[in-house]
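Remarks on the structure that follows.
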Amino acid sequence: MFEVRIHGRGGQGVVTAAEMLSIAAFEDGFYAQAFPSFGSERTGAPVVAFCRLAEREIRSREPIMAPDALIIQDPTLLHQVDVFAGLKKGGFVLINTRNTFAELGLGDALRDWPAGRLCTLAATDLGLKHVGRPLPNVPLLGGFAALSGVIRLESVCKAINDKFSGKVAQGNVAAATAAYALVRAAIETERQEVAHA
Amino acid sequence: MDKPFAITLDPGSSLANRTGSWRTERPVYVDRLPPCNNACPAGEDIQGWLYHAESGDYEAAWRHLTRDNPFPAIMGRVCYHSCETACNRGRLDEAVGINAVERFLGDEAIRRGWQFAKPETETGKHVLIVGAGPAGMSAAYHLRRSGHRVTVHEAGPLLGGMMRFGIPKYRLPRDVLDAEMRRVIDMGVEVVLNSKVGNLLATMQDGRFDAAFLAVGAHIGKRASIPAGTVARILDAVSVLRSMEGEEKPLLGRRVVVYGGGNTAIDVARTARRMGAEPIIVYRRTRDKMPAHDLEVEEALQEGVMIKWLSTIRQAGESSITVEKMVLDESGFPQPTGEFETLEADSVVLALGQDVDLGLLDGVPGLEFVDGVVKVDGQMMTGHPGVFAGGDMVPTDRNITVGVGHGKKAARHIDAWLRGTTYVAPPKHPLATFERLNTWYYSDAPQTVRPVLDIIRRQSTFEEVQGGLDETNALFEARRCLSCGNCFECDNCYGVCPDNAVIKLGPGQRFEINYDYCKGCGLCAAECPCGAIDMVPEDG
Amino acid sequence: MLKQIEGSRAVAEAVALCRPDVICAYPISPQTHIVEGLGEMVKAGAIAPCEFINVESEFAAMSVAIGASAAGARSYTATASQGLLFMVEAVYNASGLGLPIVMTVANRAIGAPINIWNDHSDAVSQRDSGWLQLFAETNQEAADLHIQAFRIAEELSLPVMVCMDGFILTHAYERVDLPTQEMVDAFLPPYAPRQVLDPGEPVTIGTMVGPEAFTEVRYLAHEKQRQALELMPAVAAEFRAAFGRDSGGLVRGYRLDDAETVVIAMGSVLGTLKDTVDELRDAGVNIGVLGVVSFRPFPSAAVRAALQSVRRLVVLEKYFALGSGGVLAADVQMALGKNGGEIYSVIAGLGGRPITKKSLRGLLEMAVRDELVQLTFLDLDRTLVAKQLARERQTRRSGPAAESILRDVHGTMARNEGKKS
Amino acid sequence: MSFQPVKFYQTGTFTVGNRLLAPEQRSVQAATSRRNSLNSGHRACQGCGEALGARYAIDAAMEATGNRMVVVNATGCLEVFSTPYPETSWQIPWIHSLFGNAPAVATGVAAALKVKRLKGLLGDVRVVAQGGDGGTTDIGFGCLSGMFERNDDVFYICYDNGGYMNTGVQRSSATPPAARTATTEAVGPTPGHAFGQGKFVPAIAMAHDIPYVATATVADLRDLEYKVRKAMTFRGARYLHILVPCPLGWGAASKDTLRIARLAKETGVFPVFEAESGELTGSSKIRHVLPVEEYLRPQKRFAHLFGPKPDVAAIARLQALANRNIRKYRLLDEEAL
């Protein structure tokens, strides 16, 4: 079982991201279960969504309390919500920001994490660039595919085409692909840095 | 359909619930006597014949009408239509123009040549009728219808009596009169003109008559004792009117004074007007006391007839008369004032009423007389068995409609008498009063105005003054009838019953109450336009 | 066809496969996505002919469905929570008139205090309404139950309520196998109404029935519910044969063999329970799960048969009758009679409170040790309620309980914040 | 108004029928073949205006639709007196669901019939819904408004007797001011129903811009039938509001049901008109305008206005309301003014 928690704000497509993640996982042959943190939050409010992936039927319906991975769509949440609550030691963390973990002041907290688990991505910029809207969710999925290696980029693209159509789908595919490449490159760089260290 | 128990039911099953048991009062259809019928001196079933006229079935209407009165074209012109005075519609807007519709039917019958049926069987009885006026000819018609042989003896040269000699042409064109007389003759009535019966019993014996009906009328003009100069021309109204029918018209001069206030006075004045005279009526009382029909007074005034109210003639000179002004005392009688006035007069026509020539009754035993007329019993029979009398020669209102009514009534009793029975009139229904009507249901519709001849021609010719209705407005007028007191199948009761408890039986069959379901709410009675439903308490 | 799909969408597509004639929609969370999906399909012509009616209230939604059903249309609507309560009069009416309407209830709590999250208060409040009430464990079952529901409803002339947990199922994306139209057509014949408003054969539907026949009417309605108990397993079996899946039926057991302790529950919590039971079994506890699919009619005989040699029962339900206790527990108790084992009634998941494996495991371990009290509220904040109760004992009028509790909750949070800083 | 009443001076304009009219000019109620949709044996009070109005309206609708029609009935007197098990008085396809949902049920029936038509299972069948004023203007108002705004193909008929008569004469939003009911008793300083309350649903119906809105009284059958016939020529939501006096609730003689309905119209208390797409298109003119007292006096529910000390002020206010109706709905013939 691989459990992902996505944090963001209302309007940023947090729930959609979880759903697309589940679709991508489904495409990759997983059983997947995506669900929102049920609420009546409106635009701007902190929002959480969940996605479970497993090799067999997922029966549990409890919220994800000890995620294997976190996707944080809005870095400003770091100071308002305990986004890391329950995160498994060494779990994946992907944050939408132009900054580094160190610049975010998270260096200390995640000090013990193995390499290749933490990554930041300027996903909003990618969304703006490829789709014309400041939506970070899809680029982050592309980046997450690269970071976690749990799902394939092709499956993310399939999920994108499942949810969107026409130019929006094309733009999102481009954004996800670009994000995938950026994260791959970042991880590679980090690995090399670690190797050189 | 597999219907769930109790929740779903077959349609109309509530017929099992007889709601008639709720009733404490039951509606009952009734027939009432319409006020028009009640008021008609000729006993016409006015509502009955209007019913057919409403349908546009004028022949049926005419036949229904002529069951009681064979002269609708005449009656439609000269009748003073007390029916219209009695008509309930008069209290709603204006009375139904019954008279106009009657005339329309009469004219229509003449135009189309409708005839009376001849009797199917002959009784072998022979009835003598003396006088071919309204009463006599009416009796002749009814008796002939009953299968009796009828012979009319008329003293004059023409049929019609007062209809001809008392009514001017401008009120009753002679072709109309002739046509309606002719139709009676065509039933097989024998007529002997210029045959004055001098001795009734002798005539009856000679002719082997089984019964006689006397209707000689009142033709002797009353005279008043007016001091008159030798050359003053004083005539009586009846003579003047009668002479209008002959070759030689009366010479009245330009300034004609007519003395009297009855219809005859008006007739004479209007006749004189048409002959180029300037008539002036001298009457001792006021207009509202005048016995003449107001419509005729009005028409006379329109035509230029002058009326000198509250005046009596004191003296007649060669070319003038002296009148005395009168005043009405407290009881409405005129009293002399001593004030006098002189009027120019080429002639004076007295229209002070008529007397009956009773000469033919000399030697008839058993008769009783009162005020110069013969007394008859409730069956129109004089004190002499088999001799009946009617019209102006018996105590009555003197007008043509009354005469026609007498003729019918006498004929019924004569018929019964000849058959050795007694005619008993069927009991009359209670009157259909205005209060019983639900007038909401009658659309607002004023009476149709009949065309009237233009005034110039009325002053110079004897053309008929009042025109008739055409078919459209005759129908309109007929349909203004409220059918007081008798169901005319308006379907209101059928419609307004909340319990569908009125059964419509079909055209002409009227309705029935279904007492199985009638709850006795009374809506049918309340909403019956003509008051033909009574609510009757259920037996307690 | 396998799809990774939102539960609401799966239900919408399943309903569409049933070829509904009339769909009435009124928005209320968490049901809304279902009718949105259907509305889109009708507008796009994917369901035709079909009338999709945006009504002005849930009361109207059920009323429109009543009219449509009585006129011979296959009728569907969906609601939740307050919406279900708002239509209650019509809910009873539909069953009283014997109209085979199918309605999804996306289960949600009932206020006040207003709460949009999941529990079973809405559906269970209608347990006496005369509707058949089926609870789905998964979105697959939710989809399948709708197909079965139309079949059952129309065979019996009774309305069926398909209950699925709001948000937990309705908003969850998971794998659902949706059948083809041909398969559904073969399983579900066209609607042949028992009674219908037809000018060709007029009837009066919906009479007033007095004391002389009302008991009989009610008895017959009850008898029909008993017929449903026979029909539902048969339909489920037929469904399995046609679609190759277990869905529906009356009850479904999990690891009941040799189970001394059995947890009984309805809806999506069964999944979490099964995971928990697996863990306990791994730890050597003889425990199983019995899922109740058909809450109404209540399958007493099936429950009895499934629990023949069980020592103790934990009846876990997302609803309770205030002032009385567990409703499902009472039904189970009635079903088992005096021969049943110990019954523990557990109230859990009210108003969307997550039911975690951790809490369940703790609960069941206590149950196995017979340490549970007769009525347990899972994860109840005892400190908080004790405090409120104490306050209320002091002054009879201490303001609305919900607000006081919120004050306490926020107070606690503020204190915690204070500790943090 | 496009309705040209039969001008027939003896009777035809106002009576139910007349032997002289051509069959096509006769009212539906005049025909021996009339449907009697509401059959004998129902349990309505003597002189019930609603029973009469319902038969008038439904028979006319049946005629207009060639008997291809379904009726939905709200709870109320009409429903109770017509369908107590084991008997029903209805001879038509008829359903009763609840007090407040007849418009919605009718919407459902119409939807079902449309689908069946599209499937080729059924020809054109129309839907009529009916209820009393309680079921229409109060408890069913939400559903009514919803049916209106969606413009569902339903003809809704409200039988207005100004109160909850089925439950024992309580006040409804259609109860007129000053009227005594069981919940607005004729006691205290302002006896009877308050002034300034209540609503006139035909005007609200017009505000929905639905194709056809009309009012009628049970006293004018021809007008009523014309309006039913007219309504059935439209598709979409239509509304007919019929004044049906209740002898029991109004404290009037059972025989006076129609008279009082007539007086309601002739005094201007109840405006009779029709409107298309929200615009007034015609009014039934008052024939002989009468003071409101004529209408009030025969009814015991207004008896407190006419005690030893008549409530002149209240009567004047009622007269003012009638005058307003006369102006607003143009109830007097302009030529006559």
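Note that the chains take the letters A, B, C and D in the order they are written out, and that residue 1 is the start of every chain.
Heads up, the rule we're going with is that contacts are C-beta pairs under 8 Å (C-beta built on N, C-alpha and C of every residue); 3 or more make two chains touch, one makes a residue touch a chain.
What you see is a predicted model; the values in this text were computed from it and never measured.
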| item | value |
| --- | --- |
| Where chain A and chain D overlap in contact partners, by chain label | C |
| Reaching chain B from chain A through chains that touch each other, fewest steps | 2 |
| Pair joined by more contacting C-beta pairs (A-C or C-D) | C-D |
| Most centrally placed chain, judged by C-alpha centres | D |
| Centroid spacing, where centroids are CA-atom means, of chain A and chain C in whole angstrom | 34 |
| Distance from chain D to chain C - Cα centre to Cα centre, in angstrom | 44 |
| Centre-of-Cα separation between chain D and chain B, whole angstrom | 50 |
| Distance between chain centroids, defined by C-alpha means - chain B, chain C (Å) | 92 |
| Residues of chain C touching at least two other chains | 97, 201-207, 209, 213 |
| Multi-partner residues of chain D (each touching 2 or more other chains) | 83, 85-86, 88, 90-92, 94 |
| Residues within chain B bordering two or more other chains | 6, 9-11 |
| Pairwise touch network: line, ring, star, complete, or other | other |
| Residues on chain C engaged by chain D in the complex (per definition of touch) | 21-22, 24, 48-51, 53-57, 59-73, 75, 89-90, 93, 97, 197-199, 201-210, 212-213 |
| Footprint of chain B on chain D - complex, ascending | 7-20, 26-27, 29-30, 32, 36, 38-44, 46-49, 51-52, 55, 82-83, 85-92, 94, 221, 247, 253-259, 262, 287 |
| Parts of chain B lying in touch with chain C, wherever the complex brings them together | 1-11 |
| Complex contact set, residues of chain C against chain A | 2, 4, 6, 29-30, 116-118, 165-168, 171-175, 268-272, 274-275, 352, 354-357 |
| Chain B partner contacts - residues on chain C that touch it in the complex | 96-98, 157, 194-196, 201-207, 209, 213, 216-217, 220 |
